[in-house]
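One structure follows; several queries about it will come next.
Letters are used for the chains, namely A, B, C, D and E, taken in the order the chains are written, and counting of residues starts over at 1 for each.
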Amino acid sequence: MKASSVIGIVIGMITIALGAIMEGAPVMAVLNPSAMLIVLGGTFGAVMTGTSMGAIKNIPVLFKKSFSSEAPDLNARVTELVSYAEQARRDGLLALDEQLADIEDPYTRKGLQLVVDGTDPDLVADVLEAENDAMRKRHGAATQPFEKAGGYAPTMGIIGTVFGLIHVLSNLSKPETLGPSISAAFIATLLGIASANIVYLPIAARLKQLSQEELHFRGMTLEGILAIQAGDNPRVVAEKLMAYVPPGLRPTEEEAAAAADAAKAAKAEKAEAA
Amino acid sequence: MKASSVIGIVIGMITIALGAIMEGAPVMAVLNPSAMLIVLGGTFGAVMTGTSMGAIKNIPVLFKKSFSSEAPDLNARVTELVSYAEQARRDGLLALDEQLADIEDPYTRKGLQLVVDGTDPDLVADVLEAENDAMRKRHGAATQPFEKAGGYAPTMGIIGTVFGLIHVLSNLSKPETLGPSISAAFIATLLGIASANIVYLPIAARLKQLSQEELHFRGMTLEGILAIQAGDNPRVVAEKLMAYVPPGLRPTEEEAAAAADAAKAAKAEKAEAA
Amino acid sequence: MKASSVIGIVIGMITIALGAIMEGAPVMAVLNPSAMLIVLGGTFGAVMTGTSMGAIKNIPVLFKKSFSSEAPDLNARVTELVSYAEQARRDGLLALDEQLADIEDPYTRKGLQLVVDGTDPDLVADVLEAENDAMRKRHGAATQPFEKAGGYAPTMGIIGTVFGLIHVLSNLSKPETLGPSISAAFIATLLGIASANIVYLPIAARLKQLSQEELHFRGMTLEGILAIQAGDNPRVVAEKLMAYVPPGLRPTEEEAAAAADAAKAAKAEKAEAA
Amino acid sequence: MKASSVIGIVIGMITIALGAIMEGAPVMAVLNPSAMLIVLGGTFGAVMTGTSMGAIKNIPVLFKKSFSSEAPDLNARVTELVSYAEQARRDGLLALDEQLADIEDPYTRKGLQLVVDGTDPDLVADVLEAENDAMRKRHGAATQPFEKAGGYAPTMGIIGTVFGLIHVLSNLSKPETLGPSISAAFIATLLGIASANIVYLPIAARLKQLSQEELHFRGMTLEGILAIQAGDNPRVVAEKLMAYVPPGLRPTEEEAAAAADAAKAAKAEKAEAA
Amino acid sequence: MKASSVIGIVIGMITIALGAIMEGAPVMAVLNPSAMLIVLGGTFGAVMTGTSMGAIKNIPVLFKKSFSSEAPDLNARVTELVSYAEQARRDGLLALDEQLADIEDPYTRKGLQLVVDGTDPDLVADVLEAENDAMRKRHGAATQPFEKAGGYAPTMGIIGTVFGLIHVLSNLSKPETLGPSISAAFIATLLGIASANIVYLPIAARLKQLSQEELHFRGMTLEGILAIQAGDNPRVVAEKLMAYVPPGLRPTEEEAAAAADAAKAAKAEKAEAA
């Protein structure tokens, strides 16, 4: 499920290039230095004006993230949280203390740490929700440069083309250069529209989607942590959390039982090894 | 009420094709391979970049869904819920336990199961609302590829056309090919606008509407389940639920009585058969 | 205040036609069959794809409604509600029972029926708000086909024009037909833009406004019913409701007194007649 | 601070006209009767279709309002409310009764009247918030014709231009009239864009801003009235209200003291005069 | 992190100018007086019509602010608030009184002043939230002229170009001036698009971002002040506030300890010096 963004950009570029070659258009003419300077430089400048240095430096990280992030595994998290609920129910909330060091996800660990410390439930919810809220804002700010670039690039293309046409119109006396000159002027428009619609806007959409998935994942985790703290029956915890899993991904009863057994076996093994 | 989307797409395509033929335009020229490659391939690539593999795989399912889904039958659900309310009032909430296996709709079944299990009303509402909320988000994510495609397709068409014009402008020396070449270049624009406005955007609108209908349906069901749990008078339950039914579809008093009788008869029959 | 939509459409069409005639343009050329087929048919198809059969069948009703609806009479409703408040204060809530059959507005009647039945105030508010909420959604769904048509029509016009230009460009060898052919191609654009901006979008705006007025009206009625149930002083009821009336329409003290007297006289007359 | 809208429109018109004259364009050609008929008439028709007669009649009033409204004086209102708080603290809430007749602002007077009448604080807040809410909706509805006109006008301009071009294209046989005819056709586009961007949209923005200022002003007044009713310390009342005043406009301590003294003096004088 | 806006505008202008020079376009032709008059004057007029004199006068201040504002230092504020929490815990809330005069940030000082005065926690939250809310509205109003200018400028450019074309079309008899005249007409479009996309819109985006950062900063401060008033454990205060700091900026444990030590040392030094 990993590489859909990379594949998407490659498909977009190849099909458009192939189509252009079939039309007989000189595809490589796109790599026009003046058009690239205007469109890429102008877009970068406009994006930079509208944001902070920190967000600019973050752009390569986000590019990479949009290409490689996997979907969070909701079922695994449900199984994990239900196993904590069982243990808490059996041995008390304090029994979770030993497990804390083994929890990989910092959000889950922070939440259960607060629970084990005997923090008030409302405060646990407040702290974890503040964390989610801050993440949501952070992601929103991080996605903005891509969205903005998607808006600026086509207009930068038009600026490049209008400059080109102004040049052409001032030299109408040499009609034999007219065609190629106008054609070169349009390269900028092409670059602006293509970069926006093949790269910037889709990447922005992808980052937004990743953010929503992570918020959904964390929302489920928060619900589970609060249910554990409230001492809910593990079956009720599972019922509550299952609402967050899309029906198509929900395990059948056998799968659920198998997953629970596997989780127990793994835990027993770990205990033995210790 | 089923096939309105199919009929709509067919009407759109036929009237436009007919109009084009009347104008004398060569309609089949639309099936230009290079234009199709650029517009369909570019749109697909951009959509794929901006979403996950899972959402991409889901597209054919949604296409089919938008063509065949029926409107939910609000009145039947009201009659059903009121009959549960009557039984619960008469024989206690536990009496609903026997019926659970016969309930087809998983949402209603899950809700009544929770009620029969004696779950706290707030918790019932929480679990069922979480389910609805997750469905709303899921539907939103599922509709996005169609909305995005509706946005990308026209710009991909412009990319195709600009490539075509660049090609034309580089070959101004053969004026006899000018007309057909420009004409071919515009096919891409045509394809982009038409695919967006006849297929992608209307399908997205349809999916959004289906989602709203389902959420409305579930909202009514949730209201009914909570009223049953609260032990409301069946007449009050009916009054509450009727607010969800559009006035034009509300049964007259006779129809309502007849529906209630039919439901009772069916139940009695089922009981006898058992 | 009735016919503003009809007058608006007529003014729009006549001034544009007059202007076109003054420019010397052949106005009747707009009735080009192929352009009409593409623009009207394509728009209808796209709208139909994106909605349900029920909403499609509803379109003529809404057309008519947008042409004839009158603004709700806020002052009359205030006077009416205050008179119920006086009676309830004087003779108890049950005294309203006799009046129920005479109340024309089903929403007011349903609300007062609930009050007379001794329903819990929160429940009264819930049921009536659910009714308003459902109406709001219903109106939103009903307005959508017009809004969507306003979005699709201009693009259908562009499709028609591009088809026309493709036809023209394939026949450049007959320059004498060039002008009229291009001119015919542009008719589609004209039809698309004009139908959207003179008919679809203004009608959608009008329906939205009617919906808001009705919701405002019902909101005031709900406030009044709850105040009556709470046993508020009629003067306080009037004060509360007057907030919903635009200052310019608020009666002066004399007018208010006269209206109250007239209402009482009418009631007395009715009582005598009975 | 009064006339910024008038000055703005005048600056816009003059600079554009000057620029056009410098380019050598015949500025007065803009007063083309057919273009004006299409653009102004079509826009008016479309706006009228989408709204009620009442809103149409309201347009000249709003035009005037957008030209002349002054910013509300937040500091004066703070001083006024704090002086009531002092009096209420010193002599009891009933002492405010004498002042009511002297309060110019009907909103403040209505609020304090309710307070003096001993109305429940929640009810005071409800009535005054309902008043604000209704004003917000009213203002929104009133601004809409201007916003809509800003959207319709450019498309009406395009309709006029396309009509003009159709006319031109049907008469290609007289090439010497070509230039002036096309030029005349474009006047409609010019009129549409200019009227929208110099008049309609800026006026809509101005009205929206005036509405927000008034709501902010009333929000502060409501906060103050509730604080007076709650018997808050005048210093706390001032602290609360000062949050509504932009830091740049907040009086220094000396200014605040001077303003309070002046207010007291004025009141004493009035008392003496009485 | 300071100058990203200045650098952005400079990069945008230089790359576009370089690209245009490479294309051979006469870059300095952009400084066309009539185009500048129409585009800059028209935009200024439209913006001025839609806002108040105060907002107009504020524009240069905001320009400067967008160029120079630094990101707020979240970690320093956390350390500061935690140190107040420690002192309050150790010596009581009143002990904070001495520190008040040393607090630079007026928002923190106002909040702690209220706490020290023994104001009710809800009231503290109300006053500080009202302050934030007013700031949010104020910032929104201040950003608007830039956003609006970004919307008006391109249309003013089109107005300039259409005027130019009208002029050209009225003088078709001198074909040798055709090219340069059309070229001059397009300068207005260029200026409109460029000023909007290189200056107005990016500046608006920057101001919006600065506003969000400041609101986030104040939100964290408010949370901390309320936690101090509630007598929260300093470790819990730190935990709560750390949720507002992006994970990448959160200090490691050693850094946090070092910062706390440094803060204590600084305070001790100050105490000694006193």
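The rule is simple: contacts are C-beta pairs under 8 Å (C-beta built on N, C-alpha and C of every residue); 3 or more make two chains touch, one makes a residue touch a chain.
Source: prediction; values computed, not measured.
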| item | value |
| --- | --- |
| Where subunit B and subunit D overlap in contact partners, by chain label | C |
| Magnitude of the superposing rotation for subunit A and subunit B (Cα, nearest 5°) | 70 |
| Where subunit A and subunit C are represented by their mean Cα positions, the distance between them in whole Å | 42 |
| Centroid spacing, where centroids are CA-atom means, of subunit A and subunit E in whole angstrom | 26 |
| Residue ranges of subunit C touching subunit B (in the complex, touch as defined) | 33-38, 40-42, 44-54, 56, 114, 119, 123, 126-127, 130-131, 134, 137-138, 141, 144, 148, 152, 155-156, 158-160, 162-167, 169-172, 184-185, 188 |
| In the complex, subunit C residues that touch subunit D | 1, 4-5, 7-16, 18-20, 22-27, 29, 71, 154, 178-180, 182-183, 186-187, 189-190, 193-194, 196-199, 201-206, 209, 212-213, 216, 223, 236, 239-240, 243-246 |
